[in-house]
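Next up, some structures in structure tokens.
You will see chain A twice below: alongside chain B first, and alongside chain C after that.
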Partner chain A sequence: MWRYILKRLVMLIPVMLGTILVVYFIMDLSDVDPARVILGDAATEETVAQLHEELGLDDPFLVRYGRYIWDLLHGDMGQSYTYHTAVSDQIMQRLPNTFLLAGTGILLSVIIGIPIGVLAAKKQYSLFDNVSMVLCLFGAASPAFWIGLVLVLVFSLHLGIFPASGMGRGFFGVLRSLVLPAITLSLHSTAMAARTTRSSMLETIRQDYVDTARAKGVSESTITVRHMLRNALIPVITAVGLNFGVLLGGSVLTETVFAWPGIGRYVIEAIKLKDIPSVLGCVVTLSVMFTVVNLLVDLLYAFVDPRIKAQYKQGRGRAK
Partner chain B sequence: MKRHPKYLKVKRLKYAILAAAMLLTCALAGCGNGGNNGGGGNAGGSGGGSRVQKDTLIVAKNEDVASLDPSLAINQKSFTVYGQIFEGLVRLDPETGEVVPCLATQWEQLDETTWHFTLREGVKFHDGNTMTSADVVCSFERIMTGIASSYVDYIESVEADGDYAVTMHIKMPYAQIIQALTYPAAVVVSKAAVEQYGEDFAQHPVGTGPYAFDSRMIADSITLKAFGDYWGEKAKTENLIFKVIPEGTQRTIMLENGEVDIICDVLSNDAVRVDEAPNLTLIHETGYKYYGLYFKCDSQGPTSNKLVRQAMEYAIDKQAMVDAAMSGYGQVGSLYSTPPTAGYNASKDRGNLYNPDTAKDLLAQAGYPNGFDLDVYVRTGQPYEELATIFQDQMKAININVNLISLDSNAIDEMVYSGQEVPIRFSFYNNICGDVDFIMQKLLPDTYGQIYFNDKMNDLISRARAETDVAKRQLVYDEFYDLMAEDVPQVAFFYEEILMGLNSNVEGFHLNPLGAHQYASVAVYQ
Partner chain C sequence: MSEKKTSAAMCEKPVDAIVTGVQSRGLWADAWRRFRKDRLATVGLVVILFLVAVAIATLIIDWATHNAIYDQYVIKQNLSMKLAGPSLEHIFGCDEYGRDILFRLIWGTRYSLFIGIVSILFALICGGVLGAVAGFYSGWIDNLIMRVMDIFLSIPSMVMAIAIVSALGTGTFNLLLSISVPQIPRLARIVRASVMSVKDREFVEAARAVGAGDALIIFKYVIPNCLAPIIVQASLNVGTAILNIAGLSFLGIGVEAPAPEWGSILNAARTYMRDAWHISIIPGLVIMLTVLSLNLVGDGLRDALDPKLKN
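Up next is the complex of A and B:
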């Protein structure tokens, strides 16, 4: 197991190098001069040239790329052109907010999506099944920015229950401000979780061991949870796990619509302001998080399905 | 029927979960009605009884500050906040618009290039230290070497003259210096705090203003607290919170909900809604900013001919632009300075020159009776793209076929700085010093990306700067306006109206033409 984890973490290195290279190259293609971004449009030629010298902006591409990687290995993501502070500080202040939003989003998709999927499968072709699947289709197809604005109009402007934008203060303040963005963010993943659960449940629902359990007199709820759902969970975990990564990156739109102070909004601002170190810092952070979340999902399989744990152990045996 | 104990346990658990969910819902809804200290509740007036003042004023702005260190951040999004923390030697009176003493009580011009400022005594910084001339010298030295240096490049040096006076040496005669010192970044910081915090000063900004820094949540909010030892009239509201809400529509909704008390930069298409709402107030006044198009006067194409530039100004219906792109909120004008700017002359303002026949005649005189094709560079975003589309349509009337090229503003600036062919670009000027002189020097060749060559400009700038008599200086400015009407290096479309939305329970707000509004005089009631 540990060998597997180590292998996956080592694989992160070429992934990161490649990702940074691509983003660095794209940002470098832009005609914008970082020195002018930093100094503002009233800067003189002398001050611009001086800053070029200081930042090494005239060095060849590969030299600058190598320098960035070297600094990154020392934990230095550079200085933000916009905020004049360390990019890592900016990211670390926003990252918990993004995790809170994405985590709540994924929690909502699990506690709403999976039960809907289970019920829809158990009552296949019923009214509930049809209505819930149509709603899931709607949820999967609706763009986040539109849903967000509709939710604001209804729950904020007309009903006045939740704040329209921003992050509240204190426990209840944060909770209130979290509701609308979390629902917006989770809608797509809830629909995916419900649909995946339903189709996966339908496969297990007619298995022989389910009939055997019923014949043994096991209660229906135990059969549903322990025999059907647990066996149906592997594809659901894959879908939810992948969605968590998507939610971390996909929070860009939701964070912008709801003025949520997370990393998604930071990356949008940084792109708009040509703050290259900030863009790179965000991309690196999101890539690492995405990879780590995927690794965690893979590890979760082992706890849900003992057969997979056995496979890991076999792998270790072979390696020996 | 007797239930199995396990069944009853599950049922109890279900009820417990249901009850918890209901409690949580009630709690959240309860917070919605009363939990928002300061911003909660719609403005509804007092209802006749004595009004209760809130201790928190919440202002929603569209962008987070770049930094709270004035030597690092010179943009509007930053000085709207740090302008509450720091003060300069002089300031604009919010009611009259006149320059009045602030940290300097009086000033005197010793000779053409030397000014003497007497400092206010007994002024305390937020860290408890007393402000002296050493702080002023330290502050100017930071500004002169920071990114704002080009805005104070007229200063040669600043030196202390005892504890409560400074002498400022300037590079050339500059009669408008007192107005120029209202520049928002020209403020006094605590030398002790600068030395203590070094590069982290932005995280610990210490000034003399009516509000002291309390806390900041990156990209979300900044909280300031009223400074008890403030030398002047104390802030009316104890807490001042700036919330960062980038979406204009969201800001309007939050104002309508009573989540915030004041919103900055009301979208022009939301302005009518705010104006007509019974519990809201729209404040709109002309600021220092004007929108327009800038010509490359040494272009390879037709725009190098001033008759073509004049023709294009006559072909533009500026009022149509204001109506369509700004919902009518804007003042049509032809000058490169707006009414609140020192040196503005209404009698020189030709307003909307729209006359397609005159435009066609001028174009024919220039040798283009059948028009021509033209690339126009437009920075992305509102209102530039809307203005450009209207412009494109209006140019068709004089047979100029406009090809719109939308690019990021930085990319366009980069093209201009590197000498590439950008015949026309849409942009704006914000006169951050509040005097026509600021725009005049920005029109000089290779300054601010402006491509206009006329030796008369240097002469006019020098004469205006040397003239201490305001009435005589105005005559120089009038010459400048005449020259611009002749050469047309820019076409000003309209002067921006600053749009602020207020709950009607807010009192004492005065708009600043630069957007550097002061909130110390603002009180907000239940």
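Up next is the complex of A and C:
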């Protein structure tokens, strides 16, 4: 198992290099000249050319990419054009906030979505099943930022329960300001988790081993959790893991709606100010986060499904 | 004796039915029959067809009137009606420049629908070719293509869309590209999987035995036989594309103002939420209904094309 984890970690390196290459290539298509942004409109051709020379902007693409990777390994993402500070500092300042929001979003979708799916499957075609599945259909089809706007309209402007934007101070302040953005962000993945859990549960619910367990006199709740849910969990984990990418993309929108001081809002500000190093840094950070989550999801399979774990062990045996 | 008779009668009828049935209905006719029985999917299809008709109608009106109606009702500002609430004259109210929201929603249909559909078609062509080549040839080509696709997949689609728009700038074509490119690996995977499931079947072998070349085999025998899962995935992806278009426009980096894209109407709503709730509610409902209809059609197609999955 440990050998497998190590192997996956080593395999992560080319994927990350490739991801950063793609992102770097896309951002390189920009016609914004960093030297002109740094020097301002009044700069002469000569000083612009000089700065090009200094920053190595005229070097071949792969040389610049290599330099970016080298700097990145040293924690350097370049200088922000607008803040005139290190991009990595700006990102590290905001990263915990995005982690908090995205983590709470995923947590909500798991602790709300999975139980809904389980109940809907156990009471298939009941009122609860129908109502929750219709709600999931609507939830998956609505733009998350719009749900955010509606929540602000109802809970902030009319009822005044939660703040409309920003991040509060202190534990309870943060908690209060986290409620609406986290619900907004988790909406899609909650709907997806509930639908996947339901259909996956429906497959395990009629298996013979469930009847066997019942005949042995195992309590219904134990059957539901140990015999049905545990076997139904693999597709759910896949769905939640994939949805984490959607969630990270959604965090850009949600953070903008709620003025949440995270990476998502930073990247939008940076785009509007044509602050390319900042945009690049944010996109790289978000992609790396997603890659790591994908790896964690793959490793989680082994813990949920002993068959997969056995495969790893087998693979190790063969390698020896 | 009577037993024999009944068994003969039983035999006769089904054989007859089977023969005529096979002759009159192919896979697609059969799927269509099943699709029509699915009431929700049919409603979804009707809504989508209606929206397509609306989008085409507005294009024809613009062409016939040389944009007169577009300029007069969709673009022209009328500050006396600024943020006016719903009334008989303007049933959905007016936006921050006093423009009728109903008109803007109707004229905005084209952006979501056409950019959504065209971007997925584009992704389908690119992803389809890559996926088909990878699945058909396997070996190192497959490995190379799919590893590159994996790298693209490890960038969240909305994040990649934002990167593309920020590098290339706003505008309809760049928006289309930014929505389309992240979907290519997703569709390539589906195409590859279904090509792999089909390529070793007997009819492909038969075609090869007759001397058909690879291109002919891929396009004439393999792809038509794996269309079903591809169509389902593509129809569901159009919904995602429409949500992403609305999202980018909401962020102010999608379709450029003053074009009445649905998401950009919501962008203005955020600023004026305190004074005018109607701007933030109605465009969102329209987006939701559109995507909901597309998802229903996609689910209905899946059930109709692959009845095995339904159970």
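Keep this in mind: the second predicted complex is superposed on the first by the 303 of 320 C-alpha atoms of A that agree within 3 Å, B and C clash if a C-alpha of one lies under 4 Å from a C-alpha of the other, contacts with A are read in each partner's own complex, and residues count from 1 in each chain.
Everything below uses one rule, namely that a residue touches a chain if its C-beta (ideal position, glycine included) is under 8 Å from a C-beta of that chain, and two chains touch if they have at least 3 such contacts.
Just so we're clear, the structure is a prediction, and the values are computed from it rather than from any experiment.
In the superposition on chain A, A:L157 makes contact with both chain B and chain C.
When the two structures are aligned on the shared chain, A:T238 is found in touch with neither chain B nor chain C. In the superposition on chain A, contact is made by A:I26 with chain C only, not with chain B. By the touch criterion defined above, A:R36 lies against chain B but remains apart from chain C after alignment on the C-alpha atoms of chain A. In the superposition on chain A, A:V283 makes contact with chain C only, while chain B stays out of contact range. Judged by the touch definition given at the top, the superposed model places A:A140 against chain C, while chain B stays out of reach.
Once chain A of one complex is fitted onto chain A of the other, the partner contacts of A:T256 extend to both chain B and chain C. Within chain A, the residues touching chain B in one complex and chain C in the other are 30-31, 149, 152-153, 157, 256-257, 272. Of all residues in chain C, those touching chain A in their complex are 147-148, 150-152, 154-169, 239, 243, 246-247, 250-253, 263, 266, 269-270, 273-274, 277, 280-281, 283-284, 287-289, 291-292, 295-296. Those residues of chain A lying in contact with chain C across their complex are 15, 18-19, 21-23, 26-31, 137-138, 140-143, 145-147, 149-150, 152-153, 157, 245-246, 248-250, 252-253, 256-257, 267-268, 270-272, 276, 279, 283, 286-287, 290-291, 294.
Chain A meets chain B in the complex at residues 30-33, 36-45, 47, 82-85, 90, 93-94, 97, 149, 152-153, 156-157, 160-167, 172-173, 175-176, 179, 256-259, 261-262, 265-266, 269, 272, 274.
Residue ranges of chain B in contact with chain A, taken from their complex: 27-29, 31-33, 35-36, 60, 64, 66-67, 69, 72-75, 147, 149-151, 202, 217-221, 243-247, 249-251, 253-254, 256-257, 259, 408, 410-411, 413-415, 417, 442, 446-449.
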